Amino acid sequence: MVNGIERPLDLLNNSKGKEVLVQLKGDKQIVGTLLAFDIHINLVLDNIKEIEGGEVKRNLGLGFLRGDTIIFISPSSTSLKKD
Amino acid sequence: MVNGIERPLDLLNNSKGKEVLVQLKGDKQIVGTLLAFDIHINLVLDNIKEIEGGEVKRNLGLGFLRGDTIIFISPSSTSLKKD
Amino acid sequence: MVNGIERPLDLLNNSKGKEVLVQLKGDKQIVGTLLAFDIHINLVLDNIKEIEGGEVKRNLGLGFLRGDTIIFISPSSTSLKKD
Amino acid sequence: MVNGIERPLDLLNNSKGKEVLVQLKGDKQIVGTLLAFDIHINLVLDNIKEIEGGEVKRNLGLGFLRGDTIIFISPSSTSLKKD
Amino acid sequence: MVNGIERPLDLLNNSKGKEVLVQLKGDKQIVGTLLAFDIHINLVLDNIKEIEGGEVKRNLGLGFLRGDTIIFISPSSTSLKKD
Amino acid sequence: MVNGIERPLDLLNNSKGKEVLVQLKGDKQIVGTLLAFDIHINLVLDNIKEIEGGEVKRNLGLGFLRGDTIIFISPSSTSLKKD
Amino acid sequence: MVNGIERPLDLLNNSKGKEVLVQLKGDKQIVGTLLAFDIHINLVLDNIKEIEGGEVKRNLGLGFLRGDTIIFISPSSTSLKKD
């Protein structure tokens, strides 16, 4: 069904250049295009949108997210397909 | 009764390809098929469902979960069998 | 009175195959049979019961508990004997 | 679209000498000119402004920010362009 | 006045086999006989009593306490002597 | 404009012997003369004043601050200049 | 003005055998005579007094304090001199 994911970071590698949904601690959500990540799960996203209650609260363009505030990261396409 | 579990990560290894229930800090619950994990307990799950009050709140497809927000991980079949 | 415990992990080693009470941060309690542990105090328990207000809230079967959410672990027999 | 960002710290490197928006834990926001950073995401900013509710609360000039209180860092120009 | 304590762990070493008061984060208190400790300040105590508002709330017998929930550890005799 | 700051700790080094404003987690503020620091951002300050609501709450003289409670450190002169 | 403090731990070394005020996370205060410390800022204090609202709440004699709950440590004499 899902191929080529042997280690968790493989999913992030497969998601480069794609839109991802990032759930942060404290009920914040970020949507953006994944440009880069490292082993601390620090991310660089482009076209960042802060989401609150299903609505876009703020457009932030390019940004760096520190890994330790992240709960989960999900490629948006898989989310949209099943919602 | 339960064989082949000498170290905690053995249970995660045995659960690959199976549905697991993941309890997160802050009373969030996630159900999904375990595809990959690492020593930080970072997980990749497929067919992710966020559960709230026993109901599916959101379908997220494929996703990466950071280990440090996880309280426990339980293979769903053992849960269903005994409830 | 208590023999053979020179280092804290010796108690966990002596408790393998026995029921233990695990107190988690945020006032959650878990009872289960200890199958495995590691130096991070990650645990695998079988026959897990979530306890709330002295009552079983949920049966979860087999599960993996992350060490960093644990406050204390106590073999149930020593608890029952003295209550 | 965005070139030369292979690792997350590349974005910080590209942002040296430019104004960045820093979102801190606990809903604090800081705007300032990025002078230096390290692998812990400790930052030195100049012309620091604390922002609250979209208004400047305090001017702090030069300052050192500890990395572990940071949620995200965004170059201001990309933010202004799309707001 | 107090001899033989050059490093903090010397106090724990001197307290082996004696009753200690352990103050945990979140206003929990534990009294028990110290059997073992390690450099993470993980403890094994026997005859554990949970104390709340100066009263014994629960007897837990033998138990393992994770070091990272501990605020301070005080040999009970020195406490009783001066109260 | 600001010279000689290539790494974040350079700012702390430049601030030795000068008054700094230290913002702590939990809305505490400390003002004092920076005497020493290390890579954990542990600080020693002299003439420490705890500030609350813009007023001096307590004078503490000399003191050691643990790095992990610090949000930011700002040389006071740059702050006063722009307030 | 203050001599011989090149690194933060020098202040703790100079304070051995003297009374110190220790501010803990969660608004707890401890006063006691510093007997020992280590690089984690774990402390052993004697004649410990818990302070609440400027009053002694509890006398605890000798005790071990874990470094990670400490905000600051101040030799009492410098505090008394300037209050």
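Letters A, B, C, D, E, F and G name the chains as they come in the text, with residue numbers starting at 1 for each one.
Here, a contact is a pair of C-beta atoms (placed from the backbone, for glycine too) under 8 Å apart; a residue touches a chain by one contact, two chains touch by 3 or more.
None of the values given here were measured: they were computed from a predicted structure.
Separation of chain B from chain E in touch steps, taking the shortest path, is 2. Chain centres here are Cα averages; for chain C and chain G they lie 35 Å apart.
Separating the centre of chain A from that of chain G, both taken as means of CA atoms, is a distance of 44 Å. Centre-to-centre separation between chain A and chain D, using Cα means, comes to 20 Å. Taken residue by residue, chain E touches two or more other chains at 68, whereas all remaining positions touch fewer. Think of the chains as beads on a loop: from chain C toward chain E, the beads read C, E, G, F, D, A, B. Of all residues in chain B, those touching chain A in their complex are 24, 26, 28, 30, 35-38, 42-44, 46-48, 58-66, 68-69. Remark: chain C residues 1-2, 5-12, 21, 25, 41, 67-68, 70-75, 77-79, 81-83 touch chain E in the complex.
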